[in-house]
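Across the two complexes that follow, chain A remains constant while its partner is chain B and subsequently chain C.
Showing the complex of A and B:
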C-alpha cells in the first residue's frame, strides 16, 4: 500500500466510523425493574446461632465483645445490640467462608504482609474464629486457672490489651493481634450495620452516633450546618 | 397480556353471544362497502408501483398516526406480523401486511385493502375487532390512497401467519364478527362538525380515526363494545389504567394547557407526567412523529370532550397519623427523584403535584409502579427512558397504600384513599415479590 492508498483507506475508515456512530435505538427492554434475588439484601431471619454452637466459644466471644463495647450511658453493650447474632450470621455466609479471599498456597507471610499492609491467612474467617476462641479459652485456663468468660472485666481487659499490643502469644498458629483486630472490626460492624443484619438492635448504634440511617437523599439538610437535626434513623427495610 | 390482548379478550368474550345473533340477521349497513368503490380493483399490492413521493410520504405519516407497527411489527421483521394476542378462547396472531404475495397482502387490490381497513372485511373473511377497523373506518379516501402508496414501498417479507389457527370453535368462525359489527360497528366515514373550527375537526379526525385513542381510553361493556356515554373517560387495560383524557379538570386534561398535552404526545412528558406502559409504546411508535399542528389539534379536541363527573374529594389532612408517617417514608424513598414538594425532575422523573392522571379514582398505575417499577417512554426529544425501581422488597401493602395516599393528598392534590387490600391484590396479580422479612430477636 502506498501513501495515497493509505490516505484513501483512512478516509474510508473515518467515513465508515461516521456511519457506525449513528445511534441505534434500543427496543424491547424489560419494563419491570424488580431486582433479582442475588441483588437484594440477605437479612438475618432470626432463629438459633449457626456457627457459635459450642457453648464455651459463644460465651468467650460474648465476654470479649462486651468489653470492646460495654453498656454505658450512651448505649447498650455489643451483645445487647445483637453483635453476637450479627457475627454468627456473617460467619455462616460468604464472609465466613472467605468467598472473596484468595486462600491458596503458596504463602510467604513476610512478603505478602508487606505488600498488603496486613497479615494474610490461608484460613477462612470462620476457621479463624474457631481456632482463636479455643486458643483464648486455653490461654485463660493456663494463665488464670478458669474459664475466659468467668474472668473479671479487668482480667479480660488485660488479655485484650496484650493481644492488641502483640505481647500475648496464643500459640497454635493463632495470630493473636490479628484475631483481636478481626473481632474488633466485626463488633464495630455489628454495632453500626443496618439492623436487618442482626446487630444494631433498635438502631442503638445509629442513635448513639446520630446517624439517620438508610435515607436516599440528604440534600434537604446539607445547608443546615451546625444544627441539631434530630432525624430519626431509618432502616433499609423498616420493620413496622 | 398486553393492552391489545386485553381488549381482544373482552371483544372475544362478546363473540360468545354474538356468534348466535350473527347467524340470524345482521344489519346490511355494517357490511356495506360501497363507499370504498373509489379504490382500484385491478392492480394488486405486489404489482402496484408509484413514483409519487409525496403520496408515499403522506402515507408513511398515516401509518404513524395509525400505529400499524404496534401490532404488525414483531420479531419476523417490519410489518411481517406474528404478534400473538392471547385470549381464553385461543390465540390470535397479527397478520403479515407486507406486499409478499404468498404470506402477506401482496394479492390484495387497493379495494381489498380499503375493505379490510375501513370495513373489517379481510381477504380471509371478517377481521376480528382487535384490529381497530372500527376507528379506521373514519379514514378519508385520500388518506387511504396515500397509505396504499406507502404500503407498496414496504419490503416483502415471507412470513406465514395463520391468524386464527389458535382460536377454538366457534371463535374461529370469522362470520360471527358480522353479529358483533351489527351491534357495535359504526361503518360510516368521518363527518366534520361545521360548528367547530378546522383545527378541532382535524383533532377529532385523528383521535377518532387513525389514532384509535378510544380503543384503550374508553371503557367497554360486557360484550366488548365501547360505552359511548363514557367516551375517553378512562379504562383499565391489562393491568394499566388508561386515564381519562377529556375536559374533566380533576382527573382529565381540563386543567392542562393545550401546549402541554401536545408536548406529552411529542416527547412522552408534559413536564409533570410521563408516559409509561402501553402509552410509552404509543409515544415511541406513533405520536412523537406527529406534526405540531396535529398535536395541538388533538389536544384541543380531547380537551373539548365531555368529562366524567369525577371531582376532587376533600384531601386526607396532613395531620393524619398515617400521613405523617408516610411523609417520612416519602422523603426517604421517593423524594430524591420526585422532589420534596412532588416537583419531579425535568425530563427524567414525574412530578406528583398537579399530576392529574395520578389522581384518578382508579390507582392501578401508581400501585403498579411501586410494586414492579415502570419505565418512561424514550422519545427522540427525551431519549433517556428513565426507570422507576420496584419497591416490593422493602415496603408491605400498607406501607405502599400509605405513601400513595400521601402523594395523592399532598401539595394541593386530593384523591380517594387507597387500601392495603388493593395493593395486596395487585401484588398477587403482578407477581411482585413480598417484602423481605427479617428479625432482630435475640437468639438466646
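Showing the complex of A and C:
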C-alpha cells in the first residue's frame, strides 16, 4: 500500500452514524424548490399599532415624522405615507429587538464613543424609541410648558434642529442627537421602502424621485441613455 | 470528544468562494471532502428569486443575508495602548454566513491584481532603487513579495474566470495591447468568457471624458454575466438584467457569479462531497507532534459539540475568521508589534478609498439601471502604472465611474451640498438630485505597517464564549498621500465631465473606524510568502507551522491592490487545491522547506 492509499480513502464517504444529530448534513443537490420559510416576504399586517400603544408616545412621534417629511408639492407627509405604521412594524420585529446587534457587556460609553466616533448602545431600537419619545415629551413640557404634539411646526423644527446639531440635551440618559438620527433614518426608510412594509403608500416616495420600484429587467432600457423613461413603479405586492 | 464523526480526507471550514472552489478541485481529484458551514443552505429559487430579491429594505438596509454581529463581531482600536471596543452595529464589515459565503451577495467586480501588486518590494527596488525601498521600510511599511508572481497565477486566474463566467474585454492578450480593454492589466492568455456589459448614461459620459483626457477607459470585468454561458463544470448561467439590486442581494437570474450559480450545482452532485450546514468550527485540534492537526471541533446550531477528524484541514472562513481560527487553534505564533516576532495577525491592511460626486442639471441618469460591478474604470493611476519617481508615495488607485444601483434609501443623502436631510428642503433636493447625481469611486492600494495587526480580544467574547478577534489599525502616511493625490485626479475628471456642485470624500483623511468606511475589503493577517519568519503561509497557502493546514482568503495577501479582492482569492484557492491533490497527498509534509 502506498502512502496515498494509507492516508486518503479515495471513495464515497461512509454515511455518518448518528453523532451530532443536530448537524444538518447535506449530500446531493436538494430537490425542493419552495421558498425557505425565513425568506418569505413578511408584509405588515393591518390592524392596530403594536409598539406605540401609548397615546402620548404615538402623538409625539407623529408630530416628529411629519416635520421630518411634511406634506408639500413633492408628496404626502410621512404619516400620510404610512411611516408611523412602518416604524411600528419594524420595531415590533427583529429590527426593534436588535437581534442582529452585539449587545454584550461591558459597555464603556466614553471609550466606545471615542474609538468608534459615535455613541454605542446596549439598548435595542425599541427601547431607544420608548425612552427617547418620553424624553421629548418631558423636554417640551419643561421648555415650552405644553405637550410636544401640540407645539407649532416652527417650534418642533427648532427642537429637531437642535437635536440634529447636538445642542439640545434631553437628559435622562437619552442621547438626543443619536435619537434624532434614528428617527430620521427610520422615517425616510418608511417613505422609500417597498409598500409591503406599510410605508411608501401609493409608492409616493418612489414617485417623488422617479424610482420604478421592484422591477427586475432593464435590458430594454439600458441603451436608451439619458431618456426620461417615465416607468411607473411596481411594488412586491399589489396595493389593491 | 465523545461525539466523533467519521474521518474525512479533507475538511473545508467555511463554504464560501474559496471553500467551494477548493472543494470542487479536490472532489474532482477523488478526495472525500466534508465542508462545514456556519450559515444555512441558500439557493436561487428557494431564497432569492425575482419575487423577493428586489427589496432594498430587507437585503440592503437590514442586511438580512449577512452575518449579524450577535453571531460574531470584532473589536477595534486605532493603536496599541487603547482599549478596543466591540463593533456592535452594522458597519463596513460585511461578512457572509450561508453556503456560498459573501460570494452570494457580493457585487461581482472581478479583478486580477497587476504583476506589481505581487512584488511590491522587489519591483519598487528595481524601478526606484534599493534606497527607496529601504526608506519606505524605515517609515514602517512592512513591504514584502507574495512568493508567487502574476505569471505563476495566470492559469489559476483563468480557471476562476471560466468558472465564474466573468464578463469583460482583454487589454493585454498574448503580448498584444488591445485598445478598449485594460491595457495595464497583466498579460492574459485568453479573452474573457463573456463580453463586457453595456454602458449606462453616466458610464458613457465617464468613458468619453476620460478618453478625451488621454486616459484608457475600459468596462470593469464583472461577475454580472453579459450573456448566457455554460461554465467548465457544465453549469448554465443567464444574462444580467441590470436589475440594480445586486450587492447585498442574491441574484434571481443565475447571472451573478457565485458559488450557487457556478459551483454548487456540480459540487453537490458529487458522491464524495458532503456539507454540514448551520455548524460552526470552534477551532482545529493539534496533534501531539505539534506539526499537524487531527481535525476540528464543532458546535451545531442546537449547541451540540462534536469532533470531526480529517487528514487535511482547509480554513476558508473569510479573512477575519481565518486569522481568528488559527489563533484559537494555537497554530503559529501571534504577531507582536513590539518585538515584530510571530506571524499570525501580521501585516493587516485594508482598501484606501475616496469618492467624488457631481451633479448634471436636467440629466436623466436613470440610476436604477445598475449592476453590482457595472462601471467604467481607468487604471492609468493604479498600482505602479505611472511613474512614482517624483511622488512621495507608492501605489495608486483604480478610478471608476459606476452605475451599481439606484436604491432609494441608500442614496437618500446623495444631494447637492448645502441641503438639509429632512423637511421640504430634502424632498425638493432629492426629487431633483436622484436623477442628476453621478459618482466616481477611487479604490486604492493599501500597504501593511508594523503597528497594524490582528489579535484575540482580552475582554469580549462571542456567543460560544470564545474571544473575539481584535483589530488595531489606522491609515499610514504613504496611503494617505496616495489617496489625496488620486482623489485630485478623480475630481479633475468630474470637472472635465461637466459635473456641478462637486464634492469629495477622502476616507483616508481622518482616522479609520469601521462606521466611517465603505469598503468591506479587510486584508492580511495570515500572509503568504517565501520566508517563514515574515509569513504565516508558504507560497502554496500551506501553514509553515502545521503542514496539513491550508488557509485561503484575502488574509493571505501581504498587501492590497487597488482592486476588489475576490478573483485573487479564487485563484489562490485553485492554486492551493492543486498543490494539495497534485503534490501533498502523494507525500504529506511541508511543500516548501522552512
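Here is the rule we use: the second predicted complex is superposed on the first by the 200 of 240 C-alpha atoms of A that agree within 3 Å, B and C clash if a C-alpha of one lies under 4 Å from a C-alpha of the other, contacts with A are read in each partner's own complex, and residues count from 1 in each chain.
By definition in this document, a contact is a pair of C-beta atoms (placed from the backbone, for glycine too) under 8 Å apart; a residue touches a chain by one contact, two chains touch by 3 or more.
Predicted model, so just to flag it, every value in this text is computed and none were measured.
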{"item": "Partner chain in contact with A:41 - chain B first, chain C second, else both or neither", "value": "both"}
{"item": "Partner chain(s) touched by A:88 [first = chain B, second = chain C, both, neither]", "value": "first"}
{"item": "Which superposed partner A:195 touches (first chain B, second chain C, both, neither)", "value": "first"}
{"item": "When both partners are placed on the shared chain, which of chain B and chain C touches more of chain A", "value": "C"}
{"item": "Chain B versus chain C as contact partner of A:236, first or second or both or neither", "value": "both"}
{"item": "Partner chain(s) touched by A:210 [first = chain B, second = chain C, both, neither]", "value": "second"}
{"item": "Chain B versus chain C as contact partner of A:104, first or second or both or neither", "value": "second"}
{"item": "Which of chain B and chain C A:33 touches, first, second, both or neither", "value": "both"}
{"item": "Which of chain B and chain C A:160 touches, first, second, both or neither", "value": "second"}
{"item": "Touching both chain C and chain B, counted on chain A across the two superposed complexes", "value": "25-26, 29, 32-35, 40-41, 196, 214-217, 219, 236"}
{"item": "Chain C partner contacts - residues on chain A that touch it in the complex", "value": "3-4, 7-14, 16-17, 19-30, 32-36, 39-41, 67-70, 72, 74-75, 94-95, 99-104, 106, 108, 111-112, 115-118, 120-122, 157, 160, 184, 188-189, 192-194, 196-197, 205-206, 208-219, 221-223, 225-229, 236"}
{"item": "In the complex with chain B, residue positions of chain A that touch it", "value": "25-26, 29, 31-35, 40-41, 43-49, 82, 84-85, 88, 195-196, 198, 201-202, 214-217, 219-220, 232, 234, 236-240"}
{"item": "Contacting residues of chain B [partner chain A, same complex]", "value": "276-277, 280, 328-329, 331-333, 335-336, 340, 372-375, 378, 387-390, 392-394, 396, 398-399, 432-433, 435-443"}
{"item": "Chain A-touching residues of chain C, taken from the complex the two chains share", "value": "3-9, 30-32, 34, 40-43, 45-57, 61-63, 68-70, 73, 76-78, 82-90, 198-201, 204, 239, 241-245, 252-253, 264-265, 268-269, 271-279, 298, 300-306, 311, 363-366, 368-369, 406, 408-409, 412, 421-424, 426-428, 430-431, 434-435, 459-461, 513-516, 585-588"}
